[in-house]
Structure formats: structure tokens, C-alpha cells
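In the two complexes below, chain A is the common chain; its partner is chain B in one and chain C in the other.
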Partner chain A sequence: MNKLNIAPINQGKIQVDLLDNADGLTVKLVGDIDMEDPSLLLDPFFEKVHQGMVAGKIPFVVADFQGLTFLNSSGIKAVAKWIMKLAMLPPDQKYQIRIAHNKAITWQVTSLPTLTFLVPGAVKIQ
Partner chain B sequence: MELFNTFHLFSYLPVLAFGGIIWYERMRRQGAQKRTTYLLLSLAALTLSAMVQAAATLLQTSMPFTWPQVFVLSGIFYFLALIFLEYAIHVKRIQESFLSKDFHRAVWGLGAWFGLAGVLALVVLLGAWSWQGPHDTFPWNLGVSMAGAENPILGYTEQMRLVVGLYSLVLIVVALWGAHRVFNLQEGVIRKRSYPFYAQILVTVILLVSQWMEKPATSVATANILPVGWFSILSLVYIVRLIEEFFFWSQFQLRSDKAKLEQRQHVQNLLIRRVIAGADEEDKGIIRELMDASLEKVKGRMVVQEYRITGITVYRLAGNVFRVEDPGHLIGYVTPLAEKSIKNLDKQKLNDQILRTTYDYQELRDTPVGTLKDFGKRLIQEALAKKETLVTSEVPEGLRGLQRLVVVVPIFDADHVLGFLTAFKDSFDRLYPAEKDILGELAENLTTVYALMAGKEVQRERNRLQGEMNTARDIQTSILPRNASVPGYQVATFMETATEVGGDVFDFIPTPYGTYFGIGDVAGHGLPAGMMAVISVAALHGALDAAKSLGKPLPLDQVYDAVNRVLCTLNRDRIGSDKFMTQNHFLAQGSTIEHVGTHMVAALWRARTQTIEELTGLTNKTGFLGLSEHMLSRDSLGSFTMDKDDVLVLYSDGVSEAKNANGTMFGLDGIKHALVEHAAQTPQEFIQSLLEGLRRHATTGDLKKHGGRFTDDISLVVLKKD
Partner chain C sequence: MAKPDGYIEIRFGPRWKYISPARVFIQNFIAIALSDQAKADAIAMATSELLENAVKYGASEDTHCIVQAFPDTGVIQASVTNQATEKNAADIRALYNKIMTGDPLEAYITQMREAATRTDGKSQLGLVRIRYETGADIQLDITPTHQVTITIIVK
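For the complex of A and B:
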């Protein structure tokens, strides 16, 4: 278990886990998200991460998509909703999402960089 | 005669063997136990008859029997064999037709006569004990003094002739009773046969006369032996009867059942054709016809008309409620399943009450069986729960005097409840099996009709939805510009939507400050994607129109951001859609084209150098539209120039991601290849050439998989500089 005590998601082809790393936390997404409404799984998970990040004043979290072979539009929307939460935070509570992506996977190359534009300064591609 | 007797005795063997086989075969069948019991009793009686005759013939004087004893015992055993055989044949029909009481009454009458025959037979049997002794004392002399007679045997024979004569008379009465009274039930209920009884009378008379004609014996050694060969007539009759009923009629019944099954199938097929081809309003008429036909069939099958079903009602489950759909679905004399008295209501008022009465399916389904107080609800609930026909003569106070029997038949399609029908009898409290069959057949036909009606309703709803989808798709395509043009350029466009509403869009908007044009694609498909595309076009037009009204050009990035904010407000926040979209907006002013947004890498054919430039700045420089109002597109601004014969190809991902059989996408390479081959063509010709290549690529892949259509919308915008 991680420092925020958030349980992993392990359902079907989807594995999402929050891992501790030396500098902070890593949200690791693995598998294939093509279900009809992944927000049912992802939204509560990201909300807990967000609350934990804010409460713990953790400066950044790595969103590691490298093992995720597919993420449908609803899944991208769920990630976008998480990013949008950062826009509402006062400056002293803001943290950064650092996206780790795999350049060999087309959807990651075309979609993930655009997430950096949603809330200026909130997301960075590693 | 001796040979005849011997032949007759051996003839019992095949008769009993055949009867035994039939008994064994019947016994193994389910539901035929009663018939086998009486058939076994019949065969046992026949065996006893055979044993008596065989013993008397073979052992002769070693037995205390002479012709009178053989005569009466054989006659009685044969008659028992016959009566048990007939009962074995008819018992099922007698019971199913509720005629057991009538039958038993007739059997009691027969029993009285048969008892008398038995007493006389007993006298004959007791007479055998006097065979070896004096016959001149009571009771052996039957009250006639033969004291001093020279030939006591002669006296015995005379006595036996007298008693056997009386016995024969009684047996003839018994046989006539059997022929005319015992099985003389309602016509059509059983296949009554009188000839076995007449055969018994015939043989009795023949044997009696033959023995009366014989000269009386003068000693034990010369006592007459009955010519049992005559009983072969009865054996023959017995086996004919056995074959007729248990073999011939069984076969006939099987053929008849098969024919009935084929007829039912035929009726079902006709019904299916009629319901499918008929208009919706005709369906109710078809149900009425089925009900009428069933009642007619009942009339045709019932012998006693006043005992038949007198009315039928059909309830259909619509939504969560059972109700009679049409006044035409009440036929004959029907009443509500009422607890309270309805005796003061005339037929019209009764029908009105039935039409007003509904039954809540959820209540019937969720309430424990047997706990509902209302008579009708309780009955219907039980029939639905058991999925079988429920018959009751225990009608509540309110129905007494009006109905004597209520039947509820559930209508199911597998486990799916479609409705139920109720049937009534006002003069009889039992349901004949034939009537139950007819009601079952009606329920089966109604299952077909209701299932087809439901199918037609689903199809109608599907057509309506398809119509709405077509309308939605029409909206998506109808908002596209009729005449796409950019001054100084040849322009051609193309869009083919996928099977459902997609989210591709392109537009050309001339303004005093240049021509704005753009291309975009909503992530995903369906109506929400189409709606988002439409909102984005409306927002683009609104922004440019406002700028035109203000009399000053609106920077391209501000147009893009305005569209984004509108999408965030309307599509994300108000509609709650999870869709987002990619777009590139362009502003053409002479040979310079500015661009903004993120969509797909475009291909630009440079005519002078015959090379292709990939416009990578068209993607990944800003965010998707409709996700964040905080997003700004300024950093995605860029521009390029086009010289004479340069060709710009803009496309949606439906083009680049079209797959072949191996899963290989058409890709930007496919577009570039088309440019190399066909860049000299007009934009319209180029699009056709590119589409041919695209179709060739996807023929064994996406097109094959989706019945000749692409997986995603296909959009192309091609500009060629004059």
C-alpha cells in the first residue's frame, strides 16, 4: 500500500495503482482501457489521489501511461477531469502532474501532449 | 370334433401371448397403468377359461367336471375376460369424460344379473359332487324325487340340463346388458362394440343346444364332454377386439395426432404470415377470430352442448398491467372474477366492468402465492406461478349462480409472461380434456400472435429510432457548406459517415478579412458526437459573425478559444457529455494560410519541387476542444504559404486509420502516395483517386468487416492553389 492508503484498481484488462517513489507518488496505469465508462473506476481513484496530494502537500505526481496500450475517449476525459481539478486550487495547494508516456504507442503520442494545455502549468510531459 | 377341440385349446396360446405382449408394452408407457391393470385381469380370466376347458378335455373323468361345469365356468370366465377388456379399453375416456358414475351405475345393474348367473353356476358346480353319489336326495335332486330310478346318471343329466338352461338364459341377459347398457354412454365418448357380447350369446346357444340334442349318458365313463371347440369363436372375437383397439386404433391415433400436429403447425404458419403482413389494427381482429374458432371447436367436440365452455376472455400484459385490450376479446357469456355480487348487472355492464378491470403484474409476481385475498388475483397468480391451466369450481359468492366453473390459462413465451385467458362454464363444474386441449391450443396461438405483435412494436420503435438517427445524420451532413470555396484556390470536399452518427465536420466561411475554413473530429460516435460537431460549427459561425458585425477581424486563436469555451459550457457542463474534439482552423488570405488548433498532420504537395511537406504544426500544439476553458490556443498558431498547383490535403482520422486485412492503417503514407500519383488532378479528381486507393486498401479489412462501410467517418478537404 502507498502512503495515501489508496487501494489499486485491478479489473479485467485494467490495472491502476498508486506507488510510492523517492520523490513522491506515481499513478501507474497498465493494460487496455476500452470499457464503456471507465470514469466509474477512474474518477473516484483520481479524486482520492487529488485529495491526498492536496492534503499531503505533495508537489508532484507521476502519471505513468507507458504500460497502457489503449485509452478511449471516455478515459481521456477522466484524466482531463483530474487535471481540471488543479485549475480550481489556490496557488499554495497546487501540485503538478508529470506524464510519462511511451512514444511507440500512437495514441499516447497524439493525445497525451495535448493534456498539457488544459490547465497551463499543471501538467508536464516527462 | 376332438381335433377341433384340440386346435381350439392350442389357439389360446397365441391369443394370450399377443395379449401379454400388448400388456407389457402398455405397462411400460407412462400414464397407462389403469388400462394395464384391467387388461391383465382380462387375460387372467381368459387363462382360467382356457385352463378349465383344457382340464376337462384332457383329464376328462379324472376331474369331477363334465360338460355342465365346463360350460358355466368357461362362460363366466370368458364374460369376465370380455368385460375387463372392454373396461381396459374405455376406462380412460370414461374417467376423462366424467362418466364414471354413469358407468358404475350400469355396472351395478349388470352385477345383479351376473350374480344370479353365478348362483346358478354354483349349483352346477355343486352338482358335480353328486356325480359319484345318489342323486335322489335334496338338494341334488333339485326337489324332484328320483327314488327307484334305474339310471341315476340320466337323472343327473336332466337336472343339469335344467339348471344350465336357466344359467344360459341369465347369461344371455347379462350379455345383452353388457352390449346395450354398460357401455351405452354418451355418444362419441367411447367406441362401443357389441359384437363380442353377441358372440358370447351365440356360443352359449350353440353349446346349449348341442348338449340338449345329445343323448344322455348312461354311465360316468360315457358322460358327455363339452365340445369346447366352439369357444374358438370367442377366442377369435377376443383377439380381433384386442387388435382393433390396442393395435389398429393406437396406430390410427398416432396418425391422427400427427395430422393434428401438422394442422396446428399449418395454422401457426398462416397465423405468422397474417400477423406479420397485417396492419397493427388487424391484430386484434385476428385474436378475436382465434377465440371464435376455439369456441366453435369446443361446440364441435362436445356431445352435451350445455356442459361446454360458454365464454372466453383474453388479457394481455402491457407494461406492468394485464388488461383486456379490446371489447372483441370478450366472447360468449363472461363475467369479472368478482368477489362481490354482480348478479344485478346485465351483459353490457358485465363486459364494461371486465374492460375496466386490470391486474398489476408486479403485485401478482411479488406477493407470496396464496396470500392474495381477491379471488381473481389469487387464481391468476397461481396459474402464472405454476405456468399451467388452473381450473376451479369453487367460485366466490359474487359469481354463484352465474358461473359454475372458472378456468385460467397462462400465456407464456418460454419464461416471458404475455398474458392469460379466462374461460367460463355456467352449467357444469368440470372441464373436459378436449376443452383443455382447445384452450391450450388457443393460448399457444396467442403466444405466437403476442410475440409477433411485440416484435412488430420493437421493429416499429427501431424504425423510429433509425429515422431519428437518419435525421441526426442528415443534420450532421446538412450543416456542411454547399459550396466550399476559397478565392484563388480550387476546393473539393468529401464526407461519408459511418453506420451511426459520427462527429466529423468541416466548414468554409468567407469574411471580409479572408476565408475561414476548418476541419475537425469528435472523439467517439453516436448522437452526442454529432451534437458536439454541430455546436462547434454554430459557435464558429457565431464568433465570426460577431467579428463581422464589429467590423474587425478576430484573431484565429481567439476564434478557436471562443469555440472551445462554448463547447465547455454547452457540451461539457450543460449536456454533461464526455466528448471532446480536435479541430484545425485556417484563415486563407491570398497565398498565405494561417492555422490554429490540434487535429491531424496535414500533407502539402509542393508542385515546384514535387515533394510533400508534412504540416506537423497542426497537431499537439494545444489541447482538445471542450475539455478545459483554461486552455489557450495561442501557442498553436502558425502559417504556411501555397504556390501555384500546390495541394493541401486535410483529412479526418477515419481516412488515416482505415485498416486492411492485416490491420495495417492507410496512414499519412497512403495520402502521400496518392499525392505523388495524382497531385496533378483537380481536387475533385484527386479525392476520387484517393478514395479508390482507400477502398482498395480496406476492401478485405474494415469494409469487409462492416458490410461495405468504413469504421469511422471519412472526411477530406483538398485545396489546390490556382
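For the complex of A and C:
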């Protein structure tokens, strides 16, 4: 278990886990997110990460998409919803989401950079 | 348009579980037809999004997908047809008119911000995602009986 005590998602073709790393935390997404309503799984997970980041005053989290082979638009909505939470935070509670992506996976190259436009400064592509 | 070198037609009852294998099949078909993996990935994503919409909002037991490859020009044409209700047909028309105007990236960002605040379980991101990420020409046809066909042409 990670330092925020958030349990992983391991359902069907999806694995999402929060991992401790040397610099802080990594949300690691693996598999295919192509179910009808991924928000049922992702929204509560991202909400817990968000609350933990704010409470712990952790400056950034890595969102590692490199092992995610597909993400449908409903999944993009869930990620966008997480990012939009950062727009509501006062400056002293803000943190950054640093996206790690796989340039060999076409959708990651075209989809993930668009997330940097949602909330200025909130998301960085690594 | 010239005669396609590759052509596939898929029909299935509107079940979510068939979308993923259809996407993988289309991806492999285009990769072989055009020897262009990036284009195969993009079309597979786009048709998957269209099939998701067709299954979510379909009003009959038939979802129909046609994909044509034109290797001489590198053009791919894909269309997905389903029967909708009058309300769903009107909703897709309104969404199409909204997201097809203006800059594709701006439209995508705007729609993502709206999606993040929706509480009805919909994302309404599929079409705008296709427009931005594939650069496709997207056509919408709705018959008087509310049969909806969305066609994308990627060059």
C-alpha cells in the first residue's frame, strides 16, 4: 500500500495503482479503459488521490499512462474531471500532475497533450 | 472515390462487449491494408468511439459498421449506422452542429471542460475527439425514421 493508503483498482482489463516513489507518488494506469462508464472506478480513485495530495501538501504526482493501451472518451472525461479539481484550489494547495506517456502509442501522443490546456500550469507532459 | 482495395462490414447487436474486438479487428485490417500503424490506430479509436455511441444510444438490435481502405491514396472511410430514437437523433444533430464549428482543439478543450462538470453519465467527447485527433472529415446523416449514420473520411 502507498503512503496515502489508497487501494488499487484491478478489474477486468484495467489496473490503476498509486505507488510511492523516490520523489513522491505515481498513479500508474495499465491495460485498456474501454468500459461503458469508467468514471464509476476512476472518479472515486482520483478523488482520493486529490484529497491526499492536498492534505499532504505534496507538490506533484506522476500520472503514468505508458502501459495504458486504450482510453475511451469516457475515460478522458474522468481524467479531465480530476484535472479540473485543481482549478478550484487556492494557490497554497495546488499541486501538479506530471503525465508520463508512451510515444509508441498513437492515442497517447494525440490525446494526452490536450489535457495540458484544461487548467493552465496544472498538467505537464514529461 | 475509386474502388476500395480493402473493405469490411461488421454487424452486431448493440452489446458493449463486441466493441473491443471490433476495434482490434479494424486496427489490424487497416494496418495490413495501408501499412500505416498510426493511421490504423487513429481509425480504430474513431470507429470505437462511434460504436460506443451507437451501442449506448441505439434503439434497435442492429449496429452496422463499414470500413473501406483506399491504398492508392491512403484514404480510409468508416461509417457507423444505428437506429436512434427521435430524441437521440436530435441530440446527436445538436452535438454535431456544436462541435464541428471553430478550431478543432478549442472545441475539444471546451467540450472536455463541459464533460468534467456533467452529472448525467455522458461525456459527449467522442465526436470532438475524432475531429481533433484524426483530422477527419465527419459527415452526419439522419433519415426521417431516425436512422443515424456517421461517416469519417481520413486522408
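Definition applied: the second predicted complex is superposed on the first by the 126 of 126 C-alpha atoms of A that agree within 3 Å, B and C clash if a C-alpha of one lies under 4 Å from a C-alpha of the other, contacts with A are read in each partner's own complex, and residues count from 1 in each chain.
The rule is short, and it goes like this: a residue touches a chain if its C-beta (ideal position, glycine included) is under 8 Å from a C-beta of that chain, and two chains touch if they have at least 3 such contacts.
Nothing here was measured: the structure is a model prediction, and the numbers come from that model.
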| item | value |
| --- | --- |
| Contacts of A:32 with chain B and chain C, given as first, second, both or neither | second |
| Which of chain B and chain C A:84 touches, first, second, both or neither | both |
| Partner chain in contact with A:73 - chain B first, chain C second, else both or neither | both |
| Superposition-derived comparison: chain B or chain C, residues of chain A touched | C |
| Contacts of A:110 with chain B and chain C, given as first, second, both or neither | both |
| Contacts of A:120 with chain B and chain C, given as first, second, both or neither | first |
| Overlap of the chain B and chain C footprints on chain A, listed as residue numbers | 39, 72-74, 76-77, 80, 83-84, 110-111, 114-115, 117-118 |
| Chain A - residues contacting chain C, complex | 32, 34-37, 39, 70, 72-74, 76-77, 80-81, 83-84, 105-107, 110-111, 114-115, 117-118 |
| Residues of chain C defined as touching chain A within the complex | 16, 19-20, 23, 37-38, 41-42, 45, 48-49, 52, 56, 105, 108-109, 112-113, 115-118, 121, 123, 125-126, 129, 132-133 |
| Of chain A, residues touching chain B in the complex | 39, 72-74, 76-77, 80, 83-84, 87, 110-111, 113-120 |
| Contacting residues of chain B [partner chain A, same complex] | 523-524, 578-580, 598, 619-620, 622-624, 627-628, 630-633, 635 |
